[in-house]
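Two complexes come next, and they have one chain in common, chain A, joined by chain B in the first and chain C in the second.
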Partner chain A sequence: MKITLKFYTTLKDYLPEGTKDNAAEIEVEDGASVQSVVERQGVPTNMIHMTLVNGAYVTPGDFASHTLKDGDTLAMWPPLAGG
Partner chain B sequence: MAFNEEQIRRYARHIILPEVGAKGQEKLANARVLVVGAGGLGSPSLLYLTAAGVGTIGVIDDDVVDLSNLQRQVVHPTSRIGVPKVESAALTLAEVNPNVRVIRHHARLDAENALMLFKDYDLIADGSDNFPTRFLVNDACYFAQKPLVTAAILRFDGQLATFRAYEEGNHPCYRCIFREPPPPGSVPNCAEGGVFGAVAGVMGTIQATEVVKELLGIGQSLDGHMLIYDGLEGSFRKIAITRDRACPLCGENPTIHGIEASSEAACAG
Partner chain C sequence: MTWHRKILRVNLTKGTCETEPLNMEWAKLYLGSRGLASKYLYEEIDPKVDPIAPDNKLILATGPLTGTSASTSGRYVAVTKGALTGAIACSNSGGFFGAELKFAGYDMLILEGRAKEPVYLMINDDDVRILPADKLWGKSVWETEEWIKKTHQDPLIRVASIGVAGETGSKYACIVNDLHRAAGRSGVGTVMGSKNLKAVAVRGTTGVKVENPREFMQVAQATKTDLKESAFTNGLTQYGTQGVTSVINATGIYPTRNHQQVQFEGADKIGGEAMFEVRETDGRTNMVRNSACFGCTIACGRVSVIDPNHFSVKDKPQYHNASGGLEYESSWAMGGDCGIDDLEALTYANFICNEQGMDTISFGASLAAAMELYERGYITDKETGGLKLKFGSAEALVEAVELAGKGEGFGKDLGLGSKLLCEKYGHPEVAMTVKGQEFAAYDPRGAQGMSLAYATSNRGACHLRGYTIAVEIFGVGTKLDPLTTEGKAEITKLAQDTTSAVDSTGLCMFPNFAWTLDQYQQLVQADSEGDWSMEKMMELGERVWNLERLFNNKAGLTTADDTLPKRLLETPAETGVGKGLVALLDKMLPEYYELRGWTPDGQPSNDTIKRLNV
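Up next is the complex of A and B:
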C-alpha cells in the first residue's frame, strides 16, 4: 500500500533521497504501524515531537499499535526551541 | 483605576470592541506578564503587549544585542548593539507606551530564580531559545500555577500552545507531548539552523494575541491545542492535544515533584 510522509523542519532529512520539498509517497507493507515506518525511515524517536495521521494526533505510546491504511498521510514535526 | 483622556484615546480601538471594553482595558492595565527572552519572539510579543496597555511587563534575558539578532529581533535598533537586551527592549517599550511599567531582569532563568520570579506575575510568555529553559518554564509554571503561552520557531516553522496543566481535567503540559529535552546538538538552534525573520513576527504576534486573550478571558483558549505554522506552505494547523496520563509532571504518577528535579533533567538532557 502507499502512504504519504510529510516531515517538517529538520525531519526532512529522513525522507527518501531525492524528495523535493517535504512530502513523499512511499510503498509500505499492508497494515504497517507508525512505529515500523519511523524505524524504516531511521527517524530517532527523540527527534519526533508531534505526529498526525490524516490530521489526528497520535501519542508516542500509540506508535506501535496505530496501523496505517492505504492512502494515509503521516506527518511529523521535530521539537522546536528557537526564539 | 480611572483612565485619563490620553489613555482613553490611546486605547479607543480596544475599548470600542465589545470583547474588551473599558472593563477589559482596565484588566489589562492591572495585569502582570513575564516575557522569557527578548529575542525573535519576545520582540513582537513585548511590542504588542506594551502597545495594548498591559500594566506591568517583566522581561528576562541575560544576553546583549548582537548584529546577527537585528534581522528579526525588531525591538532592538542598530544603535543598541552591545547593550543588554532587557535594557534595549525597555528603552523601545518606553517610547511605545509610557503608561506601561517594564521590569528588567538581566539574568538567566534558572531553577534558583524561576519560582520566585513567576509568583510576581499573572501569566508567563515563553520565547526562549533553548530546550532546558523551555522545560524549566513549563515545570515552574505548573508548580507556581501560572498560565503559560509558549511559542517556538526554527527555519520556516512555528509552534505555539497555551498550558494550564495545574487545573483539573484535560489540561496537558509541554511534557505531555514531549517528555525530555532532546540530546544537546540533536536539534539545531536558530544560529545553527537559521530562521526566516518574519516567522518570528508571525509567531510572536500570535503569542501576544493569546496572552491578551488569556488575560481578558475571551475567545477560545489554545489550552489543549498546538498551533503549527508552516511558513513555506503558508498554512496553519490547530491540533487538539491531550493530557498524557503517564506524564512525569502532570500525569497520574508524577516523578517530577519540584523545580530542582526538572532542572537536573533538563541539564542531563
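Up next is the complex of A and C:
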C-alpha cells in the first residue's frame, strides 16, 4: 500500500532522497505500523516530538499498535516552539 | 543596583527634559518593564483619555535584566493607552535599542504632551535634547535611522522611530527600532505620531551593574547552557518562529481567509522550510541567515532577500538587499489569513511594514477582512479605488501594503484596523478582533485554552498574553488535550501571570520554552536587591495582570469585551482536530473570573486588590 510521509524541519533529512516540499509517497507493507515506518526511515525516536496520522494525534506509546491504511498521511515534527 | 533608579521625563508640549528618581516602592512591587511602566501609566493618566490626545503618555521602559549578560536581555516595552484598542497597551521589542537606553542611565523614559512641530529626541547619557524633525517627517523608519546616524556622526546610535504610517494615523502603527525590530501591537506608534515625535535616538555609555556579580555570572552561564541544550530553543535558532507553520496548519488551527477556514492549502509554501528552498529564478534561498537581538543566544531572527525577478521588487533595487525576514505571525497574517502563498510577496510586504512602521498582524488581518468584504460584495472597486481585493492575490497585497504604509487611497481605510473598517462598511461581523485588536495565528476552536486567553487578554486579541499553545499543541513541559475546556481556566491564568512576570524582567519570553519561571527568578534574584523568590515572582505576575485589568475597567471596558467574534463562537471548524467544535468560551469564563478573585462582572474584588497590594 502507499502512504504519504510528511517530515518537517530537522526531520526532513529522513525523507527519501530527492524529496521536495517535505512530502513523499512511499510503498509500505499492508498493515504497517507507525513504528515500522519510523524504523524503516531511520528516524531517531528521541527526535520525534509530535505525530499526526491524517491530522489526528498519535502518541509515541501507540506507535507500535497504530496500523496505517492505504492512502494515510503520516506527519512528524521534532520539538517546536515559537509564534 | 540593577535599577539605575532614574527616570527621564520629557514633556513635548513644554519642551522640557528632566530626570527624577525611580519610585523604588513601586519597583519592589512591579519590578520593571511591563509591570513598572504599567504602574506609572495607571497612576499618571486618566484611563478614559483619548489615546491620541496630548494627555495620554507613552512610556519606553527597560527591566532590571535589560542590558545585562543574561541571554535575551535586549528587551524594552512601549506602554501607553493603545490607539487601536482603547485598552492598556504594552508592546515589547528586541533589537539593541532597549539595552542602549539602559546604558544611557535610564530605567524608563516617560513622554508627555505633544510637540508643536515634528521633533526627535536625542539622548547621549545625561545630554538630552529635543531637536526639530522637519527633515524627517514624511520619511520612512529606514531613512530616519540612517539620517540620524549620519547627522550625529555616530553609527552606534540606536534609534526607535515611526514611519509614515505613524504620522498619518494608521491605528496599528508601531515603533520600529534597529530597522526591523518592532514594538508592534495595539497602535503604540500611532500614539508616538500623535505627539509629533518622529524618533528617539540614544547612545549610552554608563553600562549596567548587578547586585551580586559572581552569582549573576554563574546563573547567566548556567541558563545559557539550558538554552543551548534545549531542542525547543534550538528549533527557533534553525527555523525561527516560522518553523511552527506546518504543525499549526496540520492540526487545523491555522486561521485561513479571515478565519473562514482553519487550514490553508498553501501553508507549506510560506513556512519555515520554504524559506530554505533554492529558487529556480536566481539560485538563492529566501533565507540568508538568522540574527540575534542584544545578548541573545537563541537568535531566532530571520534575514531574507527577495528574488530580484519577482514582480514586487522589479525596478525597485532598494529592496534587493537583505533585510528583516518573515516571522510566523507575519507570514500567517499577510499569507494564510489572506489566502496568499507567494513567499516573495509576503517578504516584500514584511519589508514595507518594517519600513513604514506597521504591525504585520493587524495590517494582514485588516487586509483579510477587507478581502472578505470585497468578495461578499459589501465593498466594490468604487470603495477600494480599483484594488481587486481577492483572497489569494499577491498583487493586491503588494499594492495594499504600499498604500497602507503611506496612508493613501484605500490604504487609509486599511489603516483603521479590522473593527473600524468593517463597521464603516456596515458589517462588523466580518472583523476578527477582541477589544479592537486582530487575532494572532491560532484558531481557538482547535485549542480551547486560546479562546479564554484571547477573550481575556488585557491588550485585545493576542497570543503573547497567555500562550496556551505551548501546552495544548507543542507539549512544552506537558501536553494537554487542546479540545477540552477542563482545567483551561487554571492554565490560562498561570500562563498570563507567568508571562506578566517574565515581561517585567527585561528578558524575552522565548527562553521560557527551555526554562520555567525558575530560571528567570534566579537571574532576577542575583541581579536585583530585595526578595525575589518564586512566590514573589508569581505574585508579581498576578499583580501586573490585575493592575492592567483595573486600568481597562476604568477606561470603560466591561465583561462584554471579554468575548470572541460570533464566527468563532457559533460556526464550527470544518476540518482539523477541532472539526465540529466552536470556541467554548462560556464554559471557562465564569471559572476564570472566580480563580482570578474577580466578581462575576469582571472586577477584581477588594480582597484581591488588597491581597496583591495592587
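Everything below uses one rule, namely that the second predicted complex is superposed on the first by the 80 of 83 C-alpha atoms of A that agree within 3 Å, B and C clash if a C-alpha of one lies under 4 Å from a C-alpha of the other, contacts with A are read in each partner's own complex, and residues count from 1 in each chain.
Definition applied: a residue touches a chain if its C-beta (ideal position, glycine included) is under 8 Å from a C-beta of that chain, and two chains touch if they have at least 3 such contacts.
All of these numbers come straight from a predicted model, not from anything done at the bench.
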Chain B versus chain C as contact partner of A:G55, first or second or both or neither: both
Touching partner for A:A64 - first (chain B), second (chain C), both, neither: neither
Partner chain in contact with A:P44 - chain B first, chain C second, else both or neither: first
Partner chain(s) touched by A:L80 [first = chain B, second = chain C, both, neither]: both
Doubly contacted chain A residues - partners chain C and chain B: 8-10, 21-22, 47, 49-50, 52, 55, 57, 77-83
Chain A to chain C touching residues, read off their complex: 6, 8-10, 12, 20-23, 47, 49-50, 52, 55-57, 75, 77-83
Residues of chain A touching chain B in the complex: 8-10, 21-22, 44, 46-47, 49-50, 52, 55, 57, 59, 61, 77-83
Chain A partner contacts - residues on chain C that touch it in the complex: 230-233, 235-236, 238-244, 246-247, 250-252, 268, 272-273, 277, 300, 328-329, 440-442, 463-464, 467, 469-470, 474-476, 510, 513, 575-577
Chain A-touching residues of chain B, taken from the complex the two chains share: 37, 39-42, 126-131, 134, 151-159, 177-178, 180, 182-183, 186-190, 193, 195, 200, 226, 228, 230, 232, 237, 239-242, 244, 246
